[in-house]
Every structure is written in structure tokens, then in C-alpha cells.
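Shared chain: chain A. Partners: chain B in the first complex, chain C in the second.
== the complex of A and B ==
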């Protein structure tokens, strides 16, 4: 058997044993394949635009979940990281002439720095006090943006001289979608690692975590920086895709949207907020506008109201989020080996322990 | 049974073919015009109503003639949601261009969104006629990179520079009144919201007005959304100012009007207050907005041209309120119709070439575009109108009925203009 065939067989076995055994993983694989192959089905610029923005916001929402969902450090000003990266990337690109592949990481680095700057003073605070303190930071930066109009173009934003993400819409799509998948996977791996376990511990009981010898301040600061890094990458992608850096990227609406997406999908999962964006954003920006408009123009104009109703209904019946609810309905955890099994199995797929009905 | 199924199938196919043929026969050729604005808000509603009135009239009159073909105007409502999220405006513009396949875009209000929509429209070389933002940066781009930005035109309002000029003209008129009626030297306080569009006006006021004998005692800059300006107005009162020049576009204009009247600030108010252009201003200020003066594009009883009254009546019939400058979509559509018919083509470049030659008398005045594709302001062109709240009604007070404007040229005034009045509490305080 050739090496290629051996690899193929190994991958197939992996798919069979690790992916197809759980509906959630199967659906995830199908969604990834669908998104990667989508331009073969349609290259409608507006549809690709909606999917690119959905991918960027999915990274952004997941980065909020990494900080607030996992460590419990509720951040009401997450747009700060996004906005810092947006303006850093735009200014470096427009004024210094650096290309997007350099300005996006540099924008993310600036967002990490912002995470550090916010984290240091805010870590003295907890709960509601922390949430409201974080709320203030993007508003402060917004004030700086307005106060330096010669540099930042003030309220008008920077609308010209920013290089595009790629030469064509399809090329931009193939940057944004794989970025979302890779960064989502990295975030998920972080939360699945020892660091993620410590993040969990901090959220559940910080005093106990500290009593166990964990330097919780360092880990919380790490969470702020990591969250800033991923939100920053999203901000960099956003500014080069839209070729526009506007003060709206620092406004409360964006911070709250990240929270709504995360809560809708399911907090402390990474994939929940990403799925939340991938469902809600195209739904409100494309399906409602395009198809509902044909049915009723007035109805389509109420997209924010419809958005709010959908979120409220989901949270009413699925208080832990849509994806978490679906996962709980389709999967159960083995009491002995803690592995996930499909809900209709009676015995664990690995240790054959009896699964609770 | 077989014959029944065959018969039904035949009937179905025949009806489908007939329907298809019928539809094809009925469908007139269309020019799609996307009207983009915040459709949930008054501005967007005025965009839409202005365009709807014009489209209905043009279509009823036969449509637009291009060669041997007659085209009807099909309006597409494009909700930009720009007051809440400027990003939504670019998405909406792109959807209109790529999905709805609009031939022309017109509208927008918020400068941040209008600048972003301008880029989207220029990317696809789609004509974009602004009817809402006065930001000069948009027209500067036409001068900087003509080939890219030539598809952009501004119909209403006139740009920031012209707004500043008109503002100073109104200030001059009120300063003259202060001098003759109060026998005082004009002392002016500038109250401008903290925004990009007011920067040039504030700078020019400080540089130019003192040379005209008007002392500028200070500049106060509240936020555009401020709900309380009593501190600023108390400071203005203490400064000894007998005039206030406003540059307000946000809701602060309502807070200002209410506090100015309630505190009886002894300074005549003149300038730009977009909130005072709305019919609901006096109600919104609890009745304290009387004597507030602002520049405007339309005034209810002022006939700027012979077309104004009919448009005004039709608009008020439909909306129950006086049109704002966002309803400039009405004139924009007629300007577009004329340009397409002159070009005898639907090619964007051909239409642009004819739009540049526009010399059209509309409801707001005579429209001629500058080299930067900005509507020209001044005597003989679009002038706007100064309006003042008098006894709960918005009256046109400028260009003055005495023919004193412009100085040194043929005078300009309109039917329906009434004299400007100083607020009685200002007269009582200073005399």
C-alpha cells in the first residue's frame, strides 16, 4: 500500500471513529466543507460579503467568549480590541504604506497591548464593577478618535487609501473563511488545554483556584491578551475588507452584538458564539432583507425587531443557548470515561459503560 | 382517467405559457433607482417620499425617453440604517447595486455613511446623487481623482463651505437688526456641536466675522446628542453676547431651543439648527422654540420657484409635514431624467457627461453643478431660505423682502418672505 493510501485510510478511520460518531462533529464538518466549497455554487458579491463579514464577526464573538465565557470576566467593552486593531491597521496601511499581511498582525498586537492596558487596572474589580469599567474604555478611545481628527479623520472615519484584503471578492472569501476556521480551532484548543481548565476554575471559584496555587491574576491577564489578539485579528480583517475605519467600530452596539451572538449560540463553548454569528448574521443581513422584502417591504425593514424576537424566543426556551441546547439533546457524557456519546446510545462507544437514560 | 390527466397537463402548460407571455408583454422597460436612507427615521422617509412623488409624476407623464424606447422609473427602497450603524449603509448600498441591480443610487444623510457609500458606488461605477450630507470631503474627492469619483453628485444640501457663507449672511442680517433696533454693537457667541462639519464654520466665524465688525466672544461646543445646554447658555449670557450663531444638526438642537427660550437668554439665535427645520420643533421644545432662526432648503409659504408650491402641497398632503432637504430626491430624479434624455443613453459615463451640463430649475432653485459636482449656491442658483419660528409657525425671513441681498448685485427675494423679528425678551433686556 502506498504512503498516500495509508494516510487516506488513516484519515478515513479518524473520520469514522472521531467525527461521524457524533452529530455535532458531523454537522461541523459539513458546514466547513459547505463554506469552503460555497464559491463553486454562487459567487454573488453581496452573498459573499455577508459570509465574509459573518466569518469576521464569528472570530470576534468567539474572542469575547474566550475571555468572558471561560474566565467569567464579563467584558462590556469588547469593541475596544476590535476598534484598536481597526485604527492601527488602517493608519499603518494608509500612512506608513505597510501591506495588509503586515498591518493585520500589527493591529492584533496593538489589541493585545490594549488587553494588557485594560486588564491591569480592571483586574482589581469583579463582577458588575469589572463589566462597567470595561464599558468605559472604548468610549474613552472614541473620545480620542474624535479629539484627533487630523490623525483619525474624526467622526467621518478613514474611508480612502486603505488597501483591500485581496484582489477579488472570492479571494477575500478564501482569506476570511479559513481564518475563521483556523482561529476558531486554535481558540477551542486553548480552552481544551490546561490553560482552559484554569480559566474554568477562575470562573467557577477564583478563591479556590488561588488557594490551589494558581496565579489567577496572571491567567486573567493572559485571557485579556488572548481575547485581544483574536478580536484584533478580526478587526484587521474587517478594516481591509471594508476599506473603511469608522468610529462605529468602537461603539457600544458592536460590544453588545458580540454578547448577543455568544449568548444566543451558547457561552463557554467557542463554537457556540461562532455558530450564533453564522446563523444570525446571514439571517438578518441576507435572508430577511432579500427574501422577506419580496414578501413585505415593511416587514423586512423591521430586521432589528425580528432579530430581537428570534434571540428572545431562543433564550426563553433554550436559556443556555441554541447550540448548547442542541448538543445536550443529541449527546450525553459517559459517567465513567467522560467521553461524549450520541444521545441514543445505551453504552459508551469506548469504555462500554452504561449511559444514563 | 388518462385523458383527464393529459387534458389537465395541457391546460396547465398552456396557462403557464400564456402567463409568461402576458408578463413579458406587460412589463415595461425600467430604470431602477435605489433610494438609500435611514427609512425608519424622518430623514429616510423624506428621501423616499420626495423620490416617490417625482417617480409617479414622471411615469404618469410617459416615463423617460431613451432613443425609441420609453423607460419607467422603478424605485427601490434601500434602508441604510446609517444613523445606528454606518456599516449597514455600505452593505445596503452593495446589495442594491449587486442584487437589486439599481442603475442609480440617491440619498444618505450621515456623512460617515455617505463617504463609505460613495466608495461602494464608485467601485462599481454607479451614479450616486447625495441628498442629505453637506460634507465637503466627498466633492474634494472628485477634484482629486476625477476618473474614479466622477459618478458622484450632490443635489442637497449645498456643501459646508456654502453653508458657512449662508450662515454668515444670516448672521449679518441679524447683526444689522441688533445695531438698528437695539443700538448695540453685535457681540456673537458661537454654539457649534462637536463635529467635523462644524470645524470649518467655527474657524471661519472666528477669522471673518471680526473683520465685519462682529465681535466673537467665544465658542461653545456641546455634543451633538447633548440633552442639557444650560451651562453653555449661562456662560453665553455671562459673556455679554447679544447674538448666538448655531451650528447644530443633532438632537442637541431641541435641548438648545427649549433652554434658550425657557431661560430667556438675551441673545438672538441665528444659524443652522436642523431640528428647528422640522414642523414638530416648537412642540418638541415645549413651546419655547419661538424666534429660533435657521437656514433651510424649503419653507412652507415661500415659493422659491414656480415649481415649489405644487411640490410642497403634494408632499404635505402625503406626509403631513414640510419637506426637509432630504426630500431633494424629488429634484434629483428630475435632474436625472433630463440628463438621461439628453444623453439618449443609459450608459453611466454618458449620463455623467450630461449631469455635468445640468442647468435645471427645480423646486429648490436653479441647479448647476460645479466642477467638483457640488450644487452651486448663490444668487441666481440655489440659495436656500432663512426661516424663523414666529407664533408657532415656520416663516421664511431670508433672502430679505427689502431686496438687500446680495449687496452690489441684482437683488434676490421670494414670494412669501416676512420680516425677521428679534425675540421680545432680547429687546427688553438690551433696551
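== the complex of A and C ==
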């Protein structure tokens, strides 16, 4: 009993000292708790569906950030990883009969292979060339999908015979939301490790990174593969949740969508793109349709326009992204021990050094 | 068959070359990847369609109005939106995508989503060329494209302003030190770039079917053209446009049932070329740039 009490006290102290000292961490905890407990508040199927898709796209946007935000290899064809996983999972599930828990990892593995394939040209291409060249990959695959209608059912997509993610919508919700949290945490941990540091170095100055003895080619390939892995898992979850694989998962719009979400939230942070999706997706897919549509049908029809305008306005005033902007407003770094502090503190919470005003 | 491929391929490569030229101009001079470039092309085509069919203006008047209006829209977009965020590369991408989406939605609102194919031709009729009947509009398109490419080339190579623009493209800071008004040159380049896109739109309005999504495909193709030909090379853009446009028309005419493969084939050619020659056909190999 006292052991449990001691543990509880330790956790409470951890909460007080490490989480509640920063508004960002408090908000993160609150959002996680809210998302996990949400089905207790409402089980409206459409709302759950929007949140599940938001969680899946959050993984997708964060995986773009892992590659492009961190290593600076701007990927215009991120839909490739998503689409490859979507079609691999769908075909393995429908034609071979593998269950979702097997097809999702296999789809992700296929996406890793795709990452390797796209990464290979990056050994020779740089900067803008690379960005424009990556655009080609999903569109080439799209042509292949149309060309093999016997397997892929062409433009219509595969709409039958795919197993659902789970028996009920709430169960799917409790697969998608924890997946997002765990994968997001893993991605954040990767970027926080030595690998992440090297990714930063490659973006900032590749020549210097190489001169420092880093095999930048290998790390760039690693970034492509890791990014493919996480985007692939997102694709697998997507196809089993929607029970259909459509060619729209390979189209230009999805590639651009990933970039828009990531830049809107703030690049090279992992949490920025995830927050970007969790804000923008429910906003355009639910709030506009459910509440604003009551005033005027116009709102629901002009979803894309409103989406573009919101993104435009936010980026004009916060060019480095919404979440990055909020973070810079509420936190500052202690000049001595480099720990984050609330912006309105005078002294560092750990080393009591005077914080710059 | 062969003559159809040649005519269609030539017209298409003219359009791609014109679009790619403008796109790589603004990229070379101001380092702006303007993903809304082809949206301006679409806007011009739709404006001409709208002005002639609904407003009942004469064709020439509506072409002039459309080109001027689109160029002004482009300059305003640059001044109000792009210039404010351009030091953030990724943010510029998103802002230009957002502009493209807004133009698309505006067109959708203004003209509806139905494909439109009723713009009158600037010149009617057809001419026999080597025993093949060619639409005069297609000949006009080719002529105008060649003229504009030549004019742009002379402007960049022979005039003082052209030299100033090229020096800004080579080195902003030194150009600034030499007394060149860099922001003004960038604005001028944006105007030329969007103007060229608008002319391309005016040329294809009577030839192609107009849809609010018609900007996406040329955008992909001009990105491929620019990479294939080499960034910042006028000659490269022209050759790249020829290669990709002919690849597309070959697929369309030789395998009509596989027309959906045209993008895949063209992009595969682009990928193969840049795998062999990473700087593109006529690109300049730069020393590794440091950030």
C-alpha cells in the first residue's frame, strides 16, 4: 500500500515539476487525455470517423516532417508511401486473405522499400531537383494502378472484401488514437536522438556534415526509409478503416496536403504537423459541415477554399507555422542550462539563472 | 497518325515550353517555386472564355483584358502574399499552393465544374501543310510561342534590363551592389512570368477543353520539363518540353486505350534522364552550395 502511495507521489511530483511547468506540456497532456476519454462524451459515428482519420493523417504529416522538415529533402511525392501501403495492404488482405494485423506491417514494409527506391535518386539529386523529381513517383504509380484494372480495379478503387480495422467504430477509435500517440512519440524520440541531430545537420549544411565524418547519403536514405515506414503504417490503418483503397491516395492533392499540414503546424518539430492535422482536419471536415452549414450551404461546398484561406492567413502572420509561433510566444530557453521555461518567468526554473527579457 | 502526333506534340510542347520558361524565370531570379503558375494559365483561359461567351466582348478585346488582368493578379499575389513569406522556402510553397486552390475554387464558383469548350478561335479554318490539314489556330499557337521564346531570349541577352535580371539570378547581393534595383527586377520577372502563363492560357483556350482542375497536369509537366532540361536553362526548357510533350502525344495516339499512362511515361523518361545526368540535359553544374 505504501509502495503504491510512494509511486503515486512520485508521479504527482513528476507531473508538477515537469509537465505543469510548461503550458505546452500541460496542453499536450490535456489533449491526449481528452482524445482517450472522448468516446465517453460522445459516440457520434461521424465525429469518431473524423477523429480517426485525423489521427491517421497526423501520423502521415509527421512522417513527412521526419523526412523533409528534419533533413531538408523536400518530398513533393509523399503520397507514394501512403498509396503503396494502401494498395499493398488492400491486395494482401483481399487476395491472399491475411488479417489486418499482418497486412498493416507488410504494407509499411512495402512503403519502406518505396522509400529506398525514391531515396536512391537522392544520392545524386539535390535541393529543388530532388523535390521536383519526387513528385513523379506517385504519379507514375498512379498510371500503373490504372493500367492494371484486374488487380487494382482502376479508377474505382478496391471497395469490397477488405477487412475492417476492428469490430466497432469505438474499437477502431481505440486503435487509431493510441497508434497516433505511440508513433508520434517514437518519431519525436528519433528526432530527439543523435540521428535527429544528424538530420538537422544535413538540413543546415550538408557539406559541413560530410566534412565532420557523417555519411550523409546513408542518413538521407535512413530518413527516406523511416518516413516511408510511418507513412506506410498510416496508409495501412487508413485502408482498413475505410475498407477501400482508392487511387486518390496517390494523387497530387494528398502529397500537397501533407506539406500543407506540416508547414501550417510548424516544420521540424513532429508535434507541429500532428497538431496541424488535428486542428485543420476536424475544422474543415466537421465544424464547417456540421455547424456553419446551418447558416449557409455555401460553407460546406467551399471547404477547400476556406481551408486554403485559413492556411494562407495563418502563414502570412506566422510564416514558421502556428505551433512554432505559439511555442516561441510561451516559452524561452534558459541561457545557461538550455531548458525550456515559461516566457513570463524571470528566473530559470532549474538553475535560477536570470532569463533574458 | 504520324502527322497527328507531330502536330499535337508540337502544340503541346509549345505550351509546356512557354509555361516552363516563365516558371524557371521566376525561380532563377527570385528563388520562388511558384506552384500557382499554371493556375494563372487556367485563369487566363477561363477569363477569355467568360468574356467572349457571357460578357459578349470581342475576342481580341477579351484576350487583352484577360492577359492584363491575370498579370496584375500575379503581381498583386507576389506583392501581397509571396513577398512577405519568401525567405521561408516551405511556407512559400504552401502559400502558392493555397493561391492555386483559391483560383481553382474561384473558377469553380464563377464558371461551374462543367468542362467548357466553346471559346472562339482567333483564326478560323485550316491550312494544308505537306498535304496535312492543320488548324490555323494550331499554327498561330506555334508561331506565337516561337516568337515569344525568341523575344524573351533577346530581352534577356541583349537589353540592359535583361542583363540586370540575369545578374540578379546569378548573385543577388553583388547585383544589388552594382546599383541594380533587385526588388524591382524580381517584380518585373514575376510580371513577365505570369504574363507568359497568361499568353499560354490565351493560346490554348480554343484548343483544349477547360476544366477547373486543368492546372494540375501542366504543373506536374512543367516541373518535369524544368528538371529534365536543367534549371535555369532556356534551351533546356525548350528541349525538355519537346521531349515530354512528344512522349505524351505518342502514348495518346499510339495507344488510345492507355492514354492514362501518358503522365507515367513522360515522368519515367524524366526520371531516367536525371538518373543519368542529375543536373538535367542543359543544367549548369554548380559547386555544392553552402546554406
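Methods note: the second predicted complex is superposed on the first by the 356 of 357 C-alpha atoms of A that agree within 3 Å, B and C clash if a C-alpha of one lies under 4 Å from a C-alpha of the other, contacts with A are read in each partner's own complex, and residues count from 1 in each chain.
Basically, a residue touches a chain if its C-beta (ideal position, glycine included) is under 8 Å from a C-beta of that chain, and two chains touch if they have at least 3 such contacts.
These figures come from a predicted structure and were not determined experimentally.
Participant: Determine, for the superposed arrangement built on chain A, whether chain B and chain C clash or fit.
Facilitator: Aligned through their shared chain, the two binders clash on chain A.
Participant: Should A:45 be classified as contacting the first partner (chain B), the second (chain C), both, or neither?
Facilitator: After superposing on A, A:45 lies in contact with chain B but is clear of chain C.
Participant: Check the residue A:285 against both partner chains and state whether it touches chain B (first), chain C (second), both, or neither.
Facilitator: In the superposed model, A:285 contacts chain B only, not chain C.
Participant: Is A:146 touching anything from chain B or chain C once the two structures are fitted on A? First, second, both or neither.
Facilitator: In the superposition, A:146 touches chain B and chain C alike.
Participant: For A:156, is the partner it touches chain B (first), chain C (second), both, or none of the two (neither)?
Facilitator: first
Participant: Chain A residues in contact: does chain B have more, or chain C?
Facilitator: On the superposition, C touches more of the residues of chain A.
Participant: Is A:132 touching anything from chain B or chain C once the two structures are fitted on A? First, second, both or neither.
Facilitator: A:132 sits against chain C, while chain B stays out of touch.
Participant: Should A:30 be classified as contacting the first partner (chain B), the second (chain C), both, or neither?
Facilitator: Touch status of A:30: no partner.
Participant: Touch check for A:247: first (chain B), second (chain C), both, or neither?
Facilitator: first
Participant: Intersection of chain A residues contacting chain B with those contacting chain C?
Facilitator: Comparing the two interfaces on chain A, one with chain B and one with chain C, the shared residues are 146, 304.
Participant: Flag every residue of chain C that touches chain A in the complex, lowest number first.
Facilitator: Touch residues, chain C against chain A: 27, 33, 81, 84-85, 87-91, 93-95, 97-99, 101-102, 104-106, 109, 216, 219-220, 223-224, 226-227, 231, 258, 260-265, 267-268, 270-271, 274-275, 278-280, 288-291.
Participant: Residues of chain A touching chain B in their complex?
Facilitator: Listed in rising order, the residues of chain A that touch chain B are 44-46, 49-50, 53, 146, 149, 153-157, 159-160, 242-244, 246-248, 253, 285, 289-290, 297, 300-301, 304.
Participant: Residue numbers of chain B touching chain A in their complex, please.
Facilitator: Within the complex, chain B contacts chain A at residues 39-40, 77, 79, 81, 84-87, 90-91, 94-95, 98-99, 111-112, 115-116, 118-119, 135, 137, 141, 194-196, 199.
Participant: Touching residues of chain A toward chain C in the complex: what are they?
Facilitator: Its residues touching chain C are 68, 74, 76, 121, 124-129, 131-133, 135-136, 139-144, 146-147, 204-208, 252, 256, 259-260, 262-264, 267, 302, 304-305, 307-309, 311-312, 315-316, 319-321.
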